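I've put the structures underneath this note.
Each of the two complexes below includes chain A, the first together with chain B, the second together with chain C.
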Partner chain A sequence: MQISSTKRDDTTIVNIDGRLDSGTAAAAEKQLLDLVAGGAHRLVLNCAGLEYVSSAGLRVLLALAKRVGGVQGRLALAAPAAQVREIFDIAGFADILPVFATVEAAL
Partner chain B sequence: MQTGKQSAADPGRHSIRVFLVDDQAMIGEAVRRMLAPETDITFSYCADPSAAVKQASEFAPTVILQDLVMPDIDGLTLVKFYRANPATRDVPLIVLSTKEEPATKAEAFARGAHDYLVKLPDRVELVARIRHHSRGYINLLQRNEAYQALVASQQALAAELAEAAAYVQSLLPPPLSAGPVQTAWRFIPSAQLGGDAFGYHWLDDDHLSMYLLDVCGHGVGAALLSISAMNVLRSQALPNTDFHDPAQTLSALNEAFLMEKHNNMYFTIWYGVYDRIAGSVKYSSAGHPPALLLAPPAGAPAVAELRTRGMVLGGMPGASYTSAVCQVPPGSSIFLMSDGVYEITLADGSMWSYAEFAQCLTAAAAAGRPEIVELERRVHELHGPGVLEDDFSIVKFAFP
Partner chain C sequence: MPEEFRLAIDNELLEISRLCAECEEFLERRGVAPAAIYAANLALEEMITNIVKYGYDDMARHKIQTALRVDGGMVTIVLEDDGHAFDPLAAPPPDVRQPLENRPIGGLGIHLARKMAESMEYRRAQDRNILTINIRANQSPASAGGSHGNEN
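Here is the complex of A and B:
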């Protein structure tokens, strides 16, 4: 699993590639929360390269959503593949996080 | 392996113990005098080579000084016996000999000696070599002891886990084989303790509650949370909560199990209540895979996915849940499952899908084959040998 980020105006686009599961969740959580701690309060997670999210991965996204909420920031999910989109839907994440078809739409 | 005797002055530490085998008493006395000033070294002398292995086993040395040339038994033959005896197999052995030929030295090392000294070495050199070899052996003993302690604690832990797993299994409800609702289930935890739990019980004469929950992760922590939640549902231990109302039940459960208060663990759950009189199921789900309703006709069942919008349970305070209702005509079945039954990694790295799982179950039902047995067979076929990555839980409710 790889995480990289770029800045577009005041929004940080975070690319998550690979699997977000129990093997990668701890490292991913640290990287993402470090971004927020470093001042990135408006985030778009580009999920185009995200192959799978387990319950451990969902926990990371929940933790990120709460941290961003705590700094009155904004977090959106973009471009998830169909299977990942289904995981987000079943987990009820659409209730707390907007999900967009593309990164551009999420900005 | 017999350990070296521990020093009385410092219990718990191995001390240096030297065992000398030499048929010449004057050599025994000379070495005794050389070692006398070393107050932390214990010395034992054996003049009879035929008794050497037995005495060494009893004395438990950290180094053996072995004379090479002796009547009846030669020193290198004794080396073989030391190596064959578990109590002395790894004890470092220093050969003492008057012979200086390289071929003799080479043979001693080939037979298992650790060092070779020409009689009698300087006292300083002898003590240094004794300390050097003993230090290595004592390190080995301590490492072995640590390993044995680890194995013992792992065995104790495994026994405790087995007992905990048996307790969890004992909480699962027995299948119902008669009555207005009949059940079957299969539970395969991925670790010895899983994070899945399920149950069903009559709230009153006409209402059966049915639920399956899946704590994120697995192992001891997840199992403890799953049992805790299941016990709350079994005993209906939530204040001001009508357990006939699924949405209200999940809302109350959410507040009781906020993840910040449970080591950052959340769970997903499907909770439903079967109304025997109305022939319907009212249900609510929290981030959980849909239950599957298979309605008649038996040969071509109508399939419906049953779930409602709702956040994973414990994820957010104040999360709201809704209820939905479906009819269950006679001959229907409802399957509750955890995502472990369909999130199976295939050989090409892709994942089986919920849709494919539903198809497998429906096909079995249409053919009149036992659905859960068929599903488990298919899952093992797809996954291959080895333990599944996630807990596998599925419950069938049949409404005759």
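Here is the complex of A and C:
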């Protein structure tokens, strides 16, 4: 699991690559919440390189969404692969977070 | 006889990644579709995490057995543990329609794993929990989850 970010105007594009599972969730959560604490309140999470997400990974995204909501920010998910998208759908993420096919569309 | 992969791990969360990686390698070698490998990975992670966290009433070391085979277009995983009796299929599904603020953190794992699998069957025998998980070996994301809309 690797997290990197770039800034575009007032939006931070966060690339999350690899596996977001019970083994990597704690490190991912810390890095993502640190971004918000550091002032990134408008976030697009680029999931194009996200190979696998489990419930432990979804908990990280929910924790991030709650933190972003707490600062009146915005969180969008972008470009998930078909299997990851299916996990988002089963978990009902589409009802609580905007999910876009591409990063451009999510901006 | 179809080739079977068997591995016993200790009841520690750190063991799960290693087990998943070895299972994934076995399934890839047998030409199982990526969506089915994903579903298998998810079932292993979610169900074993659950056993490790909630299955035992003591601090002792226990073994959790995994057996994996591909036969007749179906990936079958059998998990066996000696924890206290627990039927994960009897757990109520979480309410995924709740607004974000009202959602409890957690409770999704079993639900996800069930939705991605074709079927699951639980039995208790000789003081052991035995969970059998079936996943279509050729499943694609669109067709995944034979149990969509069917909680039984």
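Throughout what follows, the second predicted complex is superposed on the first by the 107 of 107 C-alpha atoms of A that agree within 3 Å, B and C clash if a C-alpha of one lies under 4 Å from a C-alpha of the other, contacts with A are read in each partner's own complex, and residues count from 1 in each chain.
We adopt the following convention: contacts are C-beta pairs under 8 Å (C-beta built on N, C-alpha and C of every residue); 3 or more make two chains touch, one makes a residue touch a chain.
Computed from a prediction, not measured in an experiment: that's the story for all the values here.
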{"item": "Chain B versus chain C as contact partner of A:28, first or second or both or neither", "value": "neither"}
{"item": "When both partners are placed on the shared chain, which of chain B and chain C touches more of chain A", "value": "C"}
{"item": "Contacts of A:91 with chain B and chain C, given as first, second, both or neither", "value": "both"}
{"item": "Partner chain(s) touched by A:83 [first = chain B, second = chain C, both, neither]", "value": "both"}
{"item": "First, second, both or neither for A:55, with chain B first and chain C second", "value": "both"}
{"item": "Shared chain A contacts, counted only where both chain B and chain C touch the same residue", "value": "22, 52, 54-56, 58-59, 62-63, 83, 86, 90-92, 95-96"}
{"item": "Residues of chain B defined as touching chain A within the complex", "value": "214, 216-217, 259, 264-266, 268, 286-290, 307, 309-312, 315-316, 319, 339, 343, 351, 353-354, 390"}
{"item": "Interface residues, chain C side, partner chain A - complex", "value": "13-14, 16-17, 20, 34-35, 38, 41-42, 45-46, 49, 96-97, 99-101, 103, 105-106, 108-109, 111-112, 115-116, 140-142, 144-145"}
{"item": "In the complex with chain B, residue positions of chain A that touch it", "value": "22, 52, 54-56, 58-59, 62-63, 83, 86, 90-96"}
{"item": "Complex interface listing, chain A residues touching chain C", "value": "21-23, 52, 54-56, 58-59, 62-63, 65-66, 69, 82-83, 85-87, 90-92, 95-97"}
